[in-house]
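Next come two complexes built around chain A: one with chain B, the other with chain C.
After this line comes the complex of A and B, so read on.
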């Protein structure tokens, strides 16, 4: 960027400009398709850079949602070469050379326009989860070991890529019967909280639909925060449901409330 | 800019059920499910065949005793069981049940055999809207008995440890003497890998401490937290140990089988 505010051509920044082909999905809920663009790129550029360059120089009306460009806001989720990815975290030089780069909006949610999807369903699901409800006589000192377990879940940036890749939502469109990995994480963080007083197992096994999850771990694979969604949230919740619903021996031995 | 559409995925793709294999991924996503399906099928066939053979599973040469993991515990001597057919099926149901309901293997075979889905962001078997039931209905609701298979498989594992330790004690004309044979080493490696797999089990991780809401509220909770962390280390490599132990079981059986058949002589040294 020059000091007078005018953008410097990409090639001048590094001296190594190359041209890449992008196939960007353009359209809305009624119709759409991939549109081809050629952009000059430089080493170190990410997909979001290339998309914004297309928007700047070739398609000013291209709709794309982004904010921090630091992989922390979760806004620029898209599908790059068919895989849910944060556009700001996906480097162009990590994608196969000589092949077009495909950029599509998330599949699990309705398209508003181009790369922007309507993820408001997630916020409606979130409202169904009762917030943290402390025990009346709570001792507000929490051990570090307990904080450590919950802090992993607090890393979620709500990019909703785990929701997008989950085949229950993506392919089976069961948004009315399954909360999805992101909200099973939230339920896990509350259910495992030492000070939370609510029994959440009925909701987890009921309207949250945890039994629909068949542990294919795709949510874990795409999580940009590296949260072990399946191993540390979903499976432990499934085991808590087993305690309650499928293990008479356990119920016999643990009659007293925890 | 080129306005020509490189391809035109219809908007209906976002609301309808995509066909099997529909994806924009260009990598070899199919390779992993193919390899896993091949590996599990080969092991499944091998297990059934060796369990049905009822021969060459008990090596008794040179004072050594190596018992195939498919035939341990030895129900013949343990319970005086004398039946005209193989007893292996009375043994292997527990470890096979553990693996069948294991959370890792569930991922593996849901992807590879049931194509639900075959890979991430790849459309699985299409079903009419609302017909997918996951693990909420039969038969997959039975996955919830995983912990019971864990209990029984742990008992079998105890016998495998006994077999592995016994393999280092040779019966000689002068009495029982310590010795080291390649077969014994193979059996120890096998049982160590099996232990790493078994005690990295997600159900065990839950029961040992994961089910607690508070790790610091009592002395026993602190102790269980320590155990939970150790199990979590094993659990972090559950997939690795699942495959290594699967291979080691097959290799151990094959070693004992070939030694019994006289294909080679077990190298050993008695002290």
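After this line comes the complex of A and C, so read on.
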């Protein structure tokens, strides 16, 4: 008794199968370049489908990182036609027809091999951010507006594409002076938590390096979750930093330092 | 042997919700703790959970309490659940959710500014704490951030291929770093398996790439026994089109928020199958109903049925179901505020798993614990939506605490060289072909064939002939799997190499599922036999246990673990359902 029957999709009856050309970056830290592959396409196919088909049938040692294939885990970030994209969410038929599709690893991090990069720096940055620390007298009543504000930042799936596209990291390689958009929104979600007891402004203006951001909004443009990184996190945080600088009373009366 | 070595008091394999929760508990109890996972931290399959976490806080419906949650769970599981597990789960879930909020999790609110709770299939009251439709991500990120500040060591992208025993006791595990191929051995006083399920056994699945039933197979090979393996949940609503995303989950919250199921004739067909609960019937019932509609020719163009929320306010839909809106808009080109979704059943969750002690998560093998989806007993014949995330928290914590306690009494772990050599030979053989007795088998091809066998014979509906055929074919695949060889001999990031052992795991577990399904000659919960369409009195009181211990697979029916103190609650619910 087959259960495949209920779900086996019927392909669009659009005629003969078409193929697309992929230029996939292959190599490691020492050397690499684009390699051409042809794949047969199916309706609604995404870039990850095509890459996995290449892996299955033509290049069994092609290195690619992926897991959920549902745009929820943020593993399969790559640069598709030069733009940071989740491969699992990028449909082939949304890319210019008749042109090869280039697939490259993220540029802001060291490549391990082929499409896989070493993103461990992000995990090190995350460790520097003190965890949520509730006020001792918290009543645990939170309004929906506060939940919505924090939730926007907590939607982040850690695909690190905002880090990839940020010129401070990508071009200036200032990984030692700037946390990057991903961790500024993490700091924003904590700083805007009505029950968090820590003063995070010193870290935001200090080692997180928020002043380095000059609001080009590249991060917002590539965010697959549509988080308004610049407008809703970075700019308000910059304002809080500035407020602090000109209001010495605030320092005395506000929350205890971390 | 020169493999890299590590030693800890407690090691947790898997970094989904239950693994992280177990590791936090073990570290809090003072154990030197590490977690090991196939993926990057924060990317385990728990991120996919959408609808919410079930806990009888009573914030929206004050009448709710642990007793009703327990009864709902037992009814959903068709009374095959381990009663004590279902009780502990219902009693402790509220504390675990509140604790999560204290660790920084953010959930949607009521007008009184408490955590909001939504309706879900099989739950008497509005019970699921949630944040939009991405509750699993909230849970995993909160636990991840808690864990990195708990002094836990993390080994990411590390593949474990074997548990190591010293005599009767599990003392560690063997594997390799995916990025380099370098072998690594871990020694520990207590090992907690938190490896999730095995949905990749089926072609149409909501499960991540990582879900290959590793923990089920590793534990079974180490002598643990399994329970309820015949019960595999097919979620009623997965995407059916386009082909690349077939199986991708469409959250039950769509129905919880008022989504309506219709067939190609526009009928609200759930009226025929469960007029009382309609779309919010239990998952087993809804999945079978959809399957039947399609089989009888009332399906949608791409072989599913229609799920519609376009009668709801578009702004409300985008607020309550944001990722569903995006998912259909991006991947299928459908605006769900304007038109219906096409959906069909997709393999989603293993109710069955490693048999554990309810209080501690201890398996029958000394030194070995299990928690979360890879363990069995809590959910019986069918799991209610929302009970998975609460299960992870409740039993993850219990397993971690117990593993730490057991570690303090355990001897210093020793990894016998002969065991490590055996593990290294198996792993190396996949790469070099050493020890092959026939033509090399391609892991991708074998995986495809396995999916076909299981889809054909061990799907939503089963019968004796189909199961027997499937078991025969599984034995053939098992024999061929002895000759698995990776198509590339590279050490670094070699997906075919990794798949070799995963395919073996999946074949082992598929046999358990198929044989238990053949033995249970009745229909109950997620297990539907066309040749035995009704409940059976004997089977209503028995679980199937599977044991191998390195040799032949043996199956045994054993009475359900009941509890005198809970009899009144259970009987009250059974009586209420009869009326």
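One rule holds in what follows: the second predicted complex is superposed on the first by the 229 of 258 C-alpha atoms of A that agree within 3 Å, B and C clash if a C-alpha of one lies under 4 Å from a C-alpha of the other, contacts with A are read in each partner's own complex, and residues count from 1 in each chain.
Here, contacts are C-beta pairs under 8 Å (C-beta built on N, C-alpha and C of every residue); 3 or more make two chains touch, one makes a residue touch a chain.
On a predicted model such as this, the values are computed, not experimentally measured, just so you know.
Peer 1: Given the alignment on chain A, is it a clash or a fit between chain B and chain C?
Peer 2: Overlaying the two structures gives chain B and chain C room side by side.
Peer 1: After lining up the shared chain so the two structures overlap, which partner does A:123 touch, if you call chain B first and chain C second: first, second, both or neither?
Peer 2: In the superposition, A:123 touches chain C alone.
Peer 1: For A:157 in the superposed arrangement: first (chain B), second (chain C), both or neither?
Peer 2: second
Peer 1: Just chain B (first), just chain C (second), both, or neither: which does A:36 touch?
Peer 2: first
Peer 1: Using the touch definition from the top, say if A:193 reaches chain B (first), chain C (second), both or neither.
Peer 2: Once the two structures are laid over each other on A, A:193 reaches both partners.
Peer 1: When the two structures are overlaid on chain A, which partner does A:143 contact: first (chain B), second (chain C), both, or neither?
Peer 2: Touch status of A:143: both partners.
Peer 1: I'd like to know which partner A:165 touches here: chain B for first, chain C for second, both or neither.
Peer 2: The answer is first: A:165 touches chain B but not chain C.
Peer 1: Between the C-alpha centres of chain B and chain C, what angle is subtended at chain A's, in steps of 10°?
Peer 2: Nearest-10 rounding gives 140 degrees.
Peer 1: Looking at A:98, would you say it contacts chain B, chain C, both, or neither? Reply first, second, both or neither.
Peer 2: Neither partner.
Peer 1: For the combined overlay, can you note the least CA distance between chain B and chain C, rounded to whole Å?
Peer 2: 9
Peer 1: Show which residues of chain A both chain B and chain C reach, each in its own complex.
Peer 2: Common interface on chain A, chain B vs chain C: 142-144, 193.
Peer 1: What does chain A use to touch chain C in their complex?
Peer 2: 1-11, 42-46, 49, 55-56, 60-75, 89, 91, 112-114, 116, 119, 123, 126-127, 130-132, 134, 140-144, 147, 150-151, 154-158, 189-190, 193, 226
Peer 1: Which part of chain C faces chain A closely enough to touch in the complex?
Peer 2: Touching chain A from chain C are residues 39-45, 47-48, 98, 101-104, 106-109, 112-114, 131-132, 134, 137-138, 141, 145-146, 148-149, 154, 179, 202-204, 208-210, 234, 238, 240-249, 290-291, 294-295, 299, 301-304, 323, 326-327, 330-332, 344-346, 444, 452, 455-457, 459-463, 466, 486-488, 490, 492-496, 530.
Peer 1: Taking the touch rule as given, give the residues of chain B at its contact with chain A in the complex, in rising order.
Peer 2: Within the complex, chain B touches chain A at residues 1-11, 13-15, 17-18, 23-27, 103, 106-107, 110-111, 116-117, 120-121, 123-124, 126-127, 129-130, 132-136, 140-141, 144-147, 202-203, 205-207, 210-217, 222, 225, 235-236.
Peer 1: If we count contacts the way the header does, which residues on chain A are in touch with chain B in the complex?
Peer 2: Contacts found on chain A: 23, 25, 27-38, 54, 58-59, 79, 81-84, 96, 99-100, 102, 104, 107, 110-111, 142-146, 149, 165, 167-168, 170-174, 177, 191-194, 196, 209, 211-218, 221-222, 230-231, 235-236, 238-243, 245-247, 258.
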